[in-house]
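Note that chain A is present in both complexes that follow, paired respectively with chain B and with chain C.
== the complex of A and B ==
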């Protein structure tokens, strides 16, 4: 099933590249918009309504998951620059954390989706 | 992970390197700061995950967010408005901007455009300085939208309500009147 002569690196580098593009183009807007959030009842309710829309939510988790993989892939490769030689343990820990954060976002999205349907 | 096709049985010599090598030269420091921006990106993702969990977990269904849920979401947004968090967000923003302006000039070197006709307009557009200009244009457009939402956060709800996406949801929150503006 797993071919030893094929590397899985392109997957991580692909996610890193896509994530880097999202961080550079979309994330500044999200950070600025976040700083403009108001905690009044009306604004909170409106924010909840926007974020609970299935389409918006999907775009949001897509952006966040790509940012996660970008950040953790960069950490993984910077460990080498900090004279930490990465092994299987580092690989599992770092990409495992990325997977965990991604699953948290996807889990929340599924909650929203199911509450939309039922 | 790595391919060990030609594995050597000899113990390789690893030249000792100090962990602080990158603090010794401005160029190295700039490189390490660029790599370091990802730590702030990760922190911001976790901040957003908190916001997302707060929103998702307190919804009974799309039409109804109960009072307790609304209050807990409100308290999280209030926490995001704390001066320390605002300062943190400004720091993240600076880091992300630094990332963006090292990322765009890098793209023409990192991408390979595969189009047969190298003289076609599309090829020229996706290569070199035109690619950088295209990316900067996309950056300016989205960031401008972000700034508009910063000053006028209701706009996004106003823009989307005519599409009928949230009409039912808003009626659930504000009664049959819908949005009170």
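== the complex of A and C ==
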């Protein structure tokens, strides 16, 4: 959008596509796996420990970030159906929001990481 | 036994009419009557000034695209029997300027077709035009683009496309499909040139994958899938360009 000869859309479309896979496959798989947990073997506290471990939480944050970009990209392109024609302002607002949310998620991850370390 | 169908046609004669108006006709039809035949029947027996384009009568020439009850269709491939018990409303192909009655100005589409170079540009090591050598292509290589080569340039996908409706700069379904068709042809060497058009905002990236073009295409070409495949190609091209100097 800032270059005339080449669209920057591949970046957003790539994140949208990756997010789509996550929303369609990875998220339901996690939900089903969680539902199938045997509570006598793995109680809630242990489960929280696993989820909050550095590796798991990194994967989790990655999933949430991709979901965010997927959702906001969809909203960006749906604006047109709501008769709002997108311009640079909409682009900056929506993808700026996606970036902010992503940074917040990364912040959460760093907090978890430090809590685990110390 | 012939049934009767009420056909309402949107008329516009630029030298007489300030704006389009509707004219209704009653036509007799049988199981075999196509809309194109019905229109010719109207022209021959009821309203000789009615204008519409047609040529082959067999969904090859792509001339008779028009809106039938709001859906873009080829008149020769639309049969009155499928509308039994209803009325038919015929309008010129949407998203194009109307010249007269059902005749639209397709020059924007034709200009785009020319711009994408819809012909084989020989690779350097392949036979050049005029050379008496064979092009070798395997059935598998043919299968990569065969479906997309069925396009008859009728413009129906442009009438179906909500993105082309709001942005006439968009290259549009048929042009992008033909780009994919020639880029994937093993005999072609023009991909680099054509990717410049694909990569722009007005190329594949204007498509939001509504998919109505594929639903309406009278030849089963599936332009929406060609554009999605084009997006993958363009995304790859984008990544490669990031590592290339001077781009």
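In the analysis below, the second predicted complex is superposed on the first by the 94 of 118 C-alpha atoms of A that agree within 3 Å, B and C clash if a C-alpha of one lies under 4 Å from a C-alpha of the other, contacts with A are read in each partner's own complex, and residues count from 1 in each chain.
We take it that a residue touches a chain if its C-beta (ideal position, glycine included) is under 8 Å from a C-beta of that chain, and two chains touch if they have at least 3 such contacts.
Computed from a predicted structure; not experimentally measured.
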First, second, both or neither for A:94, with chain B first and chain C second: neither
Partner chain(s) touched by A:24 [first = chain B, second = chain C, both, neither]: first
First (chain B), second (chain C), both or neither touched by A:5: both
Which of chain B and chain C A:43 touches, first, second, both or neither: first
Per-residue contact with chain A, leading partner among chain C and chain B: B
Partner chain(s) touched by A:14 [first = chain B, second = chain C, both, neither]: second
First, second, both or neither for A:80, with chain B first and chain C second: second
Touching partner for A:55 - first (chain B), second (chain C), both, neither: first
Contacts on chain A seen with chain B and repeated with chain C across the two complexes: 5, 7, 9
Interface residues, chain A side, partner chain B - complex: 5, 7-9, 17, 20-21, 23-39, 41-53, 55, 60-61, 64, 67-68, 70-72, 74-75, 78, 81-83, 88, 91, 101, 104-105, 108-109, 111-112, 115-116, 118
Contact set on chain A toward chain C in their complex: 1, 4-7, 9-11, 13-14, 77, 80, 85
Parts of chain B lying in touch with chain A, wherever the complex brings them together: 1-3, 5, 17-19, 22, 32, 35-36, 38-39, 41-42, 44-49, 51-53, 55-57, 59-62, 65, 70, 73-75, 77-78, 80-81, 86, 89-90, 92-93, 96-97, 99-100, 103-104, 110, 135, 138-139, 142-143, 145-147, 149-151, 153-154, 156-157, 160, 165-166, 169-170, 173-174, 179-180
Complex contacts: residues of chain C adjacent to chain A: 166, 196, 199-201, 203, 205, 208, 231, 234-235, 238-239, 241
